[in-house]
Amino acid sequence: MANTIIGDNLANIPWQDKPAGCKDVCWRYDNNPVIARNHLPMSNSIFNSALVPFGDGFAGVFRVDSKCREAFIHVGFSKDGINFDISEERIEFNCDIEEVAPMIEGYDPRVCKIDDKYYVTWCNFYHGPTIGIAWTTDFKTFHQSENAFVPCNRNGVMFPRKINGNFAMLSRPSDQGHTTFGDIFYSESPDMTFWGKHRFVMGTQGGWQSKKIGAGPIPIETSEGWLLIYHGVQYSCNGFVYSMGAALLDIDEPWKVIARGKPYILSPQRDYECMGDVPNVTFPCAALTDAATGRIAIYYGCADTCTSIAFCQVDELIDYIKTNSKV
Amino acid sequence: MANTIIGDNLANIPWQDKPAGCKDVCWRYDNNPVIARNHLPMSNSIFNSALVPFGDGFAGVFRVDSKCREAFIHVGFSKDGINFDISEERIEFNCDIEEVAPMIEGYDPRVCKIDDKYYVTWCNFYHGPTIGIAWTTDFKTFHQSENAFVPCNRNGVMFPRKINGNFAMLSRPSDQGHTTFGDIFYSESPDMTFWGKHRFVMGTQGGWQSKKIGAGPIPIETSEGWLLIYHGVQYSCNGFVYSMGAALLDIDEPWKVIARGKPYILSPQRDYECMGDVPNVTFPCAALTDAATGRIAIYYGCADTCTSIAFCQVDELIDYIKTNSKV
Amino acid sequence: MANTIIGDNLANIPWQDKPAGCKDVCWRYDNNPVIARNHLPMSNSIFNSALVPFGDGFAGVFRVDSKCREAFIHVGFSKDGINFDISEERIEFNCDIEEVAPMIEGYDPRVCKIDDKYYVTWCNFYHGPTIGIAWTTDFKTFHQSENAFVPCNRNGVMFPRKINGNFAMLSRPSDQGHTTFGDIFYSESPDMTFWGKHRFVMGTQGGWQSKKIGAGPIPIETSEGWLLIYHGVQYSCNGFVYSMGAALLDIDEPWKVIARGKPYILSPQRDYECMGDVPNVTFPCAALTDAATGRIAIYYGCADTCTSIAFCQVDELIDYIKTNSKV
Amino acid sequence: MANTIIGDNLANIPWQDKPAGCKDVCWRYDNNPVIARNHLPMSNSIFNSALVPFGDGFAGVFRVDSKCREAFIHVGFSKDGINFDISEERIEFNCDIEEVAPMIEGYDPRVCKIDDKYYVTWCNFYHGPTIGIAWTTDFKTFHQSENAFVPCNRNGVMFPRKINGNFAMLSRPSDQGHTTFGDIFYSESPDMTFWGKHRFVMGTQGGWQSKKIGAGPIPIETSEGWLLIYHGVQYSCNGFVYSMGAALLDIDEPWKVIARGKPYILSPQRDYECMGDVPNVTFPCAALTDAATGRIAIYYGCADTCTSIAFCQVDELIDYIKTNSKV
Amino acid sequence: MANTIIGDNLANIPWQDKPAGCKDVCWRYDNNPVIARNHLPMSNSIFNSALVPFGDGFAGVFRVDSKCREAFIHVGFSKDGINFDISEERIEFNCDIEEVAPMIEGYDPRVCKIDDKYYVTWCNFYHGPTIGIAWTTDFKTFHQSENAFVPCNRNGVMFPRKINGNFAMLSRPSDQGHTTFGDIFYSESPDMTFWGKHRFVMGTQGGWQSKKIGAGPIPIETSEGWLLIYHGVQYSCNGFVYSMGAALLDIDEPWKVIARGKPYILSPQRDYECMGDVPNVTFPCAALTDAATGRIAIYYGCADTCTSIAFCQVDELIDYIKTNSKV
Amino acid sequence: MANTIIGDNLANIPWQDKPAGCKDVCWRYDNNPVIARNHLPMSNSIFNSALVPFGDGFAGVFRVDSKCREAFIHVGFSKDGINFDISEERIEFNCDIEEVAPMIEGYDPRVCKIDDKYYVTWCNFYHGPTIGIAWTTDFKTFHQSENAFVPCNRNGVMFPRKINGNFAMLSRPSDQGHTTFGDIFYSESPDMTFWGKHRFVMGTQGGWQSKKIGAGPIPIETSEGWLLIYHGVQYSCNGFVYSMGAALLDIDEPWKVIARGKPYILSPQRDYECMGDVPNVTFPCAALTDAATGRIAIYYGCADTCTSIAFCQVDELIDYIKTNSKV
């Protein structure tokens, strides 16, 4: 295999081989969605959620919208990455910073292991949406720290190790509402409290990613650079369409784009992606990888309603990005 | 039964018991929709319609949009509340007030029996949308009176008896277009011509009811207060989502909210609710009740396209409102 | 004089003859503005204000915006209609209706004598702008009653006597913000509490009155009908322009327009009309008339900043309306 | 048959008789869609496409959106009008006009045979959308000429023969974005380079065609006038809905509307019309006709995603237009 | 003089030498405005008007807005280009094209002599703004021909001679309202009826011309190319600001920009430019030139209210454009 | 004097005593504006500029908009704070951070002395407006460092000493355009590179500060807390109005507001404030103070066109804030 994932071997992630005759670089799990909107008695929808290997299975943070249509983050566990045990109670973050502590809403979480801590980032509300941060070691107790930026900002996604000696995060500055713009920026921090060295990474291009773009799963380290799976948004007269694309970022200077796939790798085409509370959304938030086989399982939210899985092979995806690259 | 409907016994309303395992307070008729969009040869859609007990069955007023996509109100009858005989001709209202008589369009009707008259209210057009009023005793001849308010206003819903010696109505002031705001107000009239004592009842809250709210069926009198089923609207980047909620209003001062259910009781989740001329709409306009059993059958429009029924039990619903109340 | 004002003789109203060579139907007082923006130490601006004969001089209600830029109504007196003694304190209305009593803001008042009471109407705030009402007999104590309509509404202007046995009011339904539409409606009330019989009077036309229109001073009763001076708004790429026009309404059915002057009678052309907090506004709110001579003195707000006077002759104005009428 | 198509007999166009019990003037092919979104490995969607008789079968120009979501025009052929062989490569137009040659994007093509040339018109991009023109005789080589108008314009549809000695075209002036207005205009040209004698044909009406309208297939010449099938757009709070209607234009002065059907003849009601990249779109771009039988097969794009066929009979359709006409 | 005007000697055009110490390339007449808003008894404003040499003086077409605020074109004459005799009646165009004849409104005219005819172009209304055309030989009778383009379009400005054997016109496609975009296009016509060969000339740049641009006076032929004086619009939070700039276009291919001055040559700075019906507008519509001396007198509308003159020297202006060019 | 400025004595700052009879807390210099729009031959306008004591006079950074209407920062000097020598060339910042170095535009600068360095902050453009930072010791060489935040942000204003051991800055997160919202936030940095501990300071209130607010001059340290002079924006139908207000912040926790003056202290009322490129703007950017006398000279931009001075006394201003406080 030419392109190597720099990471652990994880033989137990979900997987299905590509269907015969399929010419796409990315294919769906045939039993999607894996988390239905009514998975919990109190849930209106569960989507845009993230998980990581934990113990002999997986642990995750899940966006659960209640039947009040309020969005909060719940913890959950799974042995196989397909069947989930999600808490009915939202996470209560420990926070001794008086200004930051009140949890008004929280959504679209990501989770990232760095050394021995699991960092959760999410869209937090503090006089506008901004990036909330917390860490845990056991997925029981979560310690909330300072928000990363002044509002408004969304889609804060950390890198899985320090870069240039600092913690590193991608984010997408936004406005208060259904933002009609969005570029990906990179920032660093020596201490997870103070953030700086902000760098522009990439902005919109034509077609499916012409309105705004934002990072999806934690970037995957490979021999070819950081593999970034992200969402792109196109705007029709009938609203936004969220598709998935992929790019390669420089290992040491991740704000430099090595290659960026011009076509999407997956777009809303199935009923559960086209129909729901927000039609036409496929929104990736996590990826499980197995370095031994190059397998990648992408978790993505569907129509802001439920959660599904899609698969790809790291070498095939990287070749696809390079072959179809437009930077 | 702790919570009593103050009204007639009506053994012949449609009913299905709650399905086993269902944890929701409100469940759908399993043969929805009961009125298809092409129910009439000339109809594009039939929805947001209302009915009342009449004779040994039911009579109603139906929003029928033609294949010209013009909206008018048609009369219809049903023996069982499930199979309908709807007129292909729209109602011609008798009106001797020259200013008020021209019927430019009419939609989203409600019907309310007070003493021996059936009052129809609807969204009438008089230099903007406002509340049209007419009464009938036989569902053949309809007498139209003064519009209730200066434009713009929608969703005028009467109470089924006088309050404080006056007729009483809920309404939702609006603008000319696809109004992005909407609170429920209460007004009284000594004579169905002059309206005053306007009171704010309740406004938007978070989540599913964050953009606007409006009264649905005629309020149901109970031992706990007026039971109000209403619609709430949330706004996503892909448009409005109309869900149903419920609240309890004070019997003598109905502008005082006793309890208000924070979660919705039903939201667009089925194909016929998510797909159609206006996707993601569930819009209640009538309720049939049986005091003896506490059964409630709610009639609601789906996706501005067809008409469906949902069921609930009055005591369970009231408990649900109180338990989940946020005022 | 062909056209007679049906009203009192008032020899002491302000007056200047039309300047030689002036071909306009309406001309300005040559010492405008009569009330400067800093007339009071605490005032940012005083405009859109109204007065009536009272005692041996005049009494009035004045929109005073403080240096907090909050708008409230102040009482004031004048011997000659030119020099004013305006209170630094805003009017505290007596109101025993708990819902209505809180005064959040109040602006653009009119005052109208009917029998022995002086009725003040203004843009009141109750979950949106609406028409506040109060009455006084001495300009010391003001008794506030129910708001006339559900929000949103502005520019409520009463008729100076009952019509068809009822009180009568013009108003202009609006939205919450800088409303981009506006027609004049007529409503009646038997008791100043309940309002109904709403009638459309007139809407926008081309040019200077193409965006919205609203009643100005209390209509003036004449042998030719009610003389209505009103504001019309045109919209350029650089904002709204408020001009003044005039129309004649039927005496017994004032929602019927007899004649309506197509040209404006005055538009923003002087520095104090074109420059200020809201440039390009001339906004009439009151008129003093002398039946003996047919003289009319119009009080109008300038640029939302100060207050000025313009003059016209009733017979000349009515001829002008009729000659240039477009209904 | 009372109403005659003035054109060729084409026995091989697709056809299905009207289903028993169907009361509509226009009915769908029962194996729709005929071109799926993933018809080509590289296609995201294929829709809003046109074809004409060619050789012993049909040739066409197809809007193919790639997985980059870029829109271009591809050539294709079919023996039966149902199974298509579409090129994976977009058409490379020959153009020796330097200013006009660069092909930035191209979509929504029509094709029209006049004498021995096939003229392709489409939405071309030249500092904004405008009408691109090219001709071919063999569907291999395409000669691009001057754009018809200054931007912005869309939906240029030619007439199949000269009128008044000039070439003739319908178009719909627009703006740069998701235009919220749109009327149909008629223009002539002596030489396919210079255009003039611009005439207004028809604008929006109520209901399904209240927001904008645009020509669909090449007008069909009949004994009753030009039969124009066109799209009309209605705007709900959840976006645009594109339906199909029909009108008759004067043979010699086609800007004069003889009759215009007030109801739509087809609107988005099936899953493949209501769900896709742009929900609720039915957009006709071509029609095949058989003069001998009066059969018409309409090709229309569905939800900006796939392509379908609907059928009607010319005499029935013309009667329907006349019977339901509102001009 | 290095840069020569290719045109007639006109010793009688208005002129003042540049004031001592003035460092600007363009300076104002010291008795501006030359036409006041109330120049006519019926006028609200006179601006955006054009004139040409005629007989022993000048003739022109003037935008006169009445006190109804309706815009029409009036004819006028002047001996000295400073004192004007403007008709109180609007021009009645002779037009035997039934579709084109109705004059709904007309504004912002230009006038251009080609051979022995004077062509007037203006913003005409035909289902939207478009370019009206008429010609006269005596400024008494005006013959109206076909509109140049399908709507929406404004600022049609002809060249003073044929180019490439065709008539030539600049225009600025627009939308129905206060258009927020605008580039200059070039089109040709063999016969003043059919128009084609549309070419993009230039679009917006930064600063004062960042929102839209449009041609002003008839282009002036010089040894260096066509000298184009045009308006550019910048958008602040308080509306549009219209300034004047200048460019040089290729003589034979005028869509090719040789040089384009990056700074404006005049912007709204005087009271009569900053204050009026539309504050902050300087809008050039005509220029008189004297080949012998290189003098140019520019006529420009001020604040959509009155008309003024500014002066420049052709050689100095061309040098300024070239020195400060950004293409 | 009860309220003491904690700072240097500066006997040479501009000063005029309050005019007799003036009741305002803040009064204008009677020779305003001190910097005219055409102060430099190449300048369209000079405004929103800042200065500090330097040497035996003053040095400053000036927003100069050229006649191209491009905004950059120029250095300037003054002996008396009234007559200025401003460079015609913009500052060339030294910057070795490749990402940050390109200067696309720069405006609305502030300057703040901390220890022995003068820090300049301004609205910089880096994929949107954000806070640029540079320092100088001699006003000749300027060293540019990292931008403070991810875009979009404006009005970054530093504190004149470290707080809690960190550098401290106020800022106003915004959007890309003419932002319609704006609250003041506080952030800290240990090193002028990494920023965090973001705190909400204060948001909009009613009236003149109802749309957005932003810090003005460097906060003035006093015995009562940090004295903050800021701008507030109100929105009328004719655009934004920028006024000046003042507040007191806690010395050690400056995000805690001690007192906040509800009235403005100065609003646009003079010709040079009401008329210009952006009418109705008074925008403070700097203040010179003399601890010995408590004198404050405020420099503010007028109508985005020129620069003026206003005066106040520290003790009077603080008393005014406290007396009229609304927090």
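To keep things simple, chains are lettered A, B, C, D, E and F as they appear, and every chain counts its residues starting from 1.
Heads up, the rule we're going with is that a residue touches a chain if its C-beta (ideal position, glycine included) is under 8 Å from a C-beta of that chain, and two chains touch if they have at least 3 such contacts.
Just so you know, these numbers come straight off a predicted model, no measurement behind them.
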Output for shared partners of subunit A and subunit D reads B
Please give the intersection of the contact partners of subunit A with those of subunit E. D, F
Among the chains, which one keeps its Cα centre farthest from the Cα centre of subunit D? F
Pick same or different for copies subunit A and subunit B, depending on whether their interface residues overlap by over half. different
Quick one: report the Å distance separating subunit C from subunit D, using the average Cα coordinate of each chain. 56
Distance from the CA centroid of subunit A to that of subunit F, rounded to the nearest Å? 40
At least two other chains touched by the same residue of subunit F: list those residues. 238-239, 275, 279-280
Each pair of chains that touches, named by its two labels: A-B, A-D, A-F, B-C, B-D, C-E, C-F, D-E, E-F
In the complex formed with subunit E, which residues of subunit D make contact? 99, 126-128, 130, 146-153, 171, 173, 175-176, 181, 183, 185, 187-191, 193-200, 203, 255
Over in the complex, which subunit D residues touch subunit B? Could you list them? 23, 206-208, 210, 234-239, 241, 243, 262-264, 267-269, 271, 274-275, 279-280, 324
Per the contact definition, I'd like the list of subunit E residues that touch subunit C in the complex. 37, 41-42, 44, 66-70, 178, 238-240, 275-281, 304
